[in-house]
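Sharing a structure with you now.
As written, the chains take the letters A, B and C, and residue 1 is the first residue of each chain.
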Amino acid sequence: MSGAAGHAIHAPRATSGGIVPRRVPRFVQPAWRNLLVGLLVPCALLTVWAAAGALDRLPALILPAPGAVLIALRDIIQSGDLGSALAISFLRLAEGFGLGALAGLAVGATMGLSRLGERIIRPTLMGFVQIPVLAWVPLLMIPFGIGETLKCISIGIAAFAPVAMNSFKGLRQVDPKLMEVGTLYRFSAAQRLRHILLPGALPSIFTGLRLGLTQAWQSLVVVELVASTNGIGYLAVMARQMFQLDQMLAVMLVIGVCGFALDKSLRSAEARLGRRFGGVAR
Amino acid sequence: MTAASRVNPLTGLILPVGLVAIWQIAAGTGAIDPTIWASPAAVLQQTRAALADGSLLADLAASLERDLAGLCLGIPVGLAAGTLLALSNLADRLFNPSLTAIRQVALFSWVPLISLWLGSDDTAKIAFVSYAVFFPVMLNTYQAVHGADQKLVEVGRMLCLSRIQMLRRIILPAALPGIATGVHLALIYGWLATIGAEYLFSAGPGIGSALMTGRAQFRMDMVIVGMAAIAVVGMTLNVAAGYGERRLLRSRGGAGA
Amino acid sequence: MDKSVSPSRARTWLAKAALAIACAVPLCLGVAAPAWAATPKVIRIGIATAGVGGKPYCGLSYICAAHVQGLFEKEFAADGTKIEWHFYTGAGPAVNEALAGGQLDFAWEGDLPAIVARAIGLKTHLLMASGGRLDYYIAVPADSPAKSLADLRGKTLALFKGTNIQTVGTRILESEGLKTTDLNVVNLDLATSVAALVSHQIDATLLSFWGFGLRDQGKIRFIYSTADHSPRLTAEAALLVTDAFRAQYPDAVQRFVNVSLQAAHWSSEEENRQALEAIFAKTGYPLRFFQDAYAGHPLKLQADPHFDPFVTQQYKDVAAIALRLGLIRREVDVDSWIDQGPLQHALAAQKLEHYWPLYADDGKTVVGE
């Protein structure tokens, strides 16, 4: 629809009389219009905020001027604090998520592939997920203190449940017709796993991984606030201790952007995976 | 899935009983450091003690009070916002992007900001819980009202119902199951937010604070008792909400589900 | 013309007079009201510490003595003013949050958080010093090989940032020629840092009397003590009042300071040492800690309310450190922040002008009498 020329699209031209070609400006396109309307409220708020700041009507204790927030953001970028904090946090996320996802896949697969495994594990798993990750943190802090182990395990626990549940469901919900085909072709268990179960369960598994990563990210933020030694949560805690609202808002902005990026990239990966493996089980 | 329930339910107990047994043996033989790891027996003892002196119930009551206050604030606002955004195309296009953007900021990262704005007492904790509850309710209400079965809406138009009547008699009843899901999620997230608030705001009575006190004093038995209490309340809320949802669905006759 | 007033006219006149009086009374009350409103309905006091496990007691200031003895309650009882006490385990930063939210009228907090509050625009005034000349120690686990601060290079040191612990820590490090970047400094609250030290998760922490128990049990060791060095290394704390409260209820502020001074005097008399220890014990710490902390000190020293050159210089020093470390963005003028009025007034009224010696910058030499 939108041409490579970018700025305008041309309605179809008719060779005989009748349709007059129109140049429709791109920004009137529905998608663009929606974007602009969507930006109205934040722009209005931003303007009011900036004006209040300029007119000195903002109590700095409630809301610093938007310029101050940007300056604070620039400061933590330039000092390298933000970079190192994000590096630490993302590494932690990767480690914790990796741990939890692996465990979740193992447990989910055991439950999904073995009825006996399901009977043994499922009730305990159901009970386990009733305990929120938050409730685990004080317990884990006693033996593990506030170091990396605590954070890794907490994040792992958060990722574990969605991955386990979704892997289990995915394996169980593979289309029985496909299973019949496997029986017809006298597939061995390994072949059945490779050609039918895994591809069939993959979308569900991936959803579990996506949900697990979301949970892991949320838990990362909490753990870094509670047991605060380094990372992005630490920057927020420091801003709170020093009552530096501009830095606080800058950090929250960064957290929002990171969360959005994580979620978006995973959703698009999931969509691509769904297209590749077809609409099975989801 | 029902195949599992038809078989001997005791197989489900193998794992938990086994784990507790290993735990008790390890604690009894001293294989794990007793100053750090509490034994199951110690946990039971602490449960008895905490129930006897009423501290467990008092803490739970304090937390639930805050939870309730937050729910009473967040759910109505979420309902109103979700309904408004679903019914008004303009409001939807104006506010949805901003709300989506705000939603990207991880829930608990709001705590330091709220503490700077509102201090650290109950007001701040309740405000945080309300915020945590708002989005699930808003999102689910929005989806539910938006997705109200068009056939029913057409019937309403045929009957020449006014907007209010349409809302009351067609749209809201059709959206009720979705709204119920939102409230169910609100109960779960609200409880989570209540506990987290007690960790991160100042100390006060509450089960989360009790957990932190237990940690500070290296009393794992206190912590485990608190964890169990949190899980029990969470489970109760979950079950109650699920039950309410199913009842609603049944009374709807499955319409609009 | 009939000179007498007809009954109806009399009634009307009476009615008008009654109305006039009815209107005048509230007016008079309104004029007199400010005088009545000179006492607040409630006085909210915030303390930047709490006892063991968050117990609502503090131990080391004459304000705490006043709390336990209910002195403020007695003073303001006749006016029907309620006294509200708030204890914050989050220390100074938590008090600042409450101050910012308008939830406190008086606060007792350390030098650094008070300076941070002033730098961000919280309008307060310092009324009385109440630092107590507490000694601080760098503690390491008992089996640590570290013998001095230099051995801690590259190791993890826990400081409660944003509180006057950070002040002391920074001063100690710099006095030994170390920079905060030479060590890995982490932020932990007091209880967590002690627990982390014992379980070897950190290599060292700065603490005071709350570490005595573990030291006596042989679990931790002190490798540095401010008692062996200059008093310039210790931290200060003070009583401060919000400008809003101060402007609205100057009488209440004066009375508050009067009572605080009485408590300070009481806390300085040696004959009250045992009673003082009992007050300290309410925090949940053994009173042995208090005894150890103040064994060699005259009691007067810990209850000294003066903003003498020493204390004033300490505050200016902290302001400079905070600015240098980037903890605050603006300079803080300490001289205009201290309000000597109520204190001097109270000292004169209670004839205590010469009771406490005034110390010069170094904290050791006495100025004047």
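We adopt the following convention: a contact is a pair of C-beta atoms (placed from the backbone, for glycine too) under 8 Å apart; a residue touches a chain by one contact, two chains touch by 3 or more.
From a predicted model like this one, the values you see are computed outputs, not experimental measurements.
S.K.: For the chain pairs A-B and A-C, which is connected through the larger number of C-beta pairs in contact?
M.R.: A-B
S.K.: From the centre of subunit B, which chain's CA centre is farthest?
M.R.: For subunit B, the chain whose C-alpha mean is farthest off is C.
S.K.: From the C-alpha centre of subunit B to that of subunit C, how far is it in Å?
M.R.: It comes to 40 Å between the two C-alpha centres.
S.K.: Can you work out the whole-Å distance between the CA centroids of subunit A and subunit C?
M.R.: 45
S.K.: Report, in whole Å, the distance between the mean C-alpha point of subunit A and the mean C-alpha point of subunit B.
M.R.: From the centre of subunit A to the centre of subunit B is 20 Å.
S.K.: Give the residues of subunit C touching no fewer than two other chains, as numbers and ranges.
M.R.: 97, 100, 192, 195
S.K.: Of all residues in subunit B, which are in touch with two or more distinct other chains?
M.R.: 115-117, 218 - these are the residues of subunit B that touch more than one other chain.
S.K.: What parts of subunit A, by residue number, touch at least two of the other chains?
M.R.: 61, 237, 240, 243
S.K.: Going by the contact rule set out above, which residues of subunit C touch subunit A in the complex?
M.R.: 93, 96-97, 100, 116-117, 120-122, 161-162, 186-188, 192, 195-196, 199, 201, 327-328
S.K.: Which residues of subunit C touch subunit B in the complex?
M.R.: The contact residues of subunit C facing subunit B are 50, 53-54, 88-90, 94, 97-98, 100-101, 103, 191-192, 195.
S.K.: Which residues of subunit B touch subunit A in their complex?
M.R.: The contact residues of subunit B facing subunit A are 1, 3-4, 7, 11-16, 19, 33, 36-37, 93-98, 101-102, 104-113, 115-117, 191-192, 195-196, 199-200, 208, 211-212, 214-215, 218, 220, 223-224, 226-227, 230-231, 234-235, 238.
S.K.: Residues of subunit A touching subunit C in their complex?
M.R.: Touch list, subunit A to subunit C: 59-61, 145-147, 228-230, 234, 237-238, 240-244.
S.K.: For a test of understanding, state which residues of subunit B touch subunit C in their complex under the given definition.
M.R.: Where subunit B meets subunit C, its residues are 115-121, 202-203, 209, 213, 216-218.
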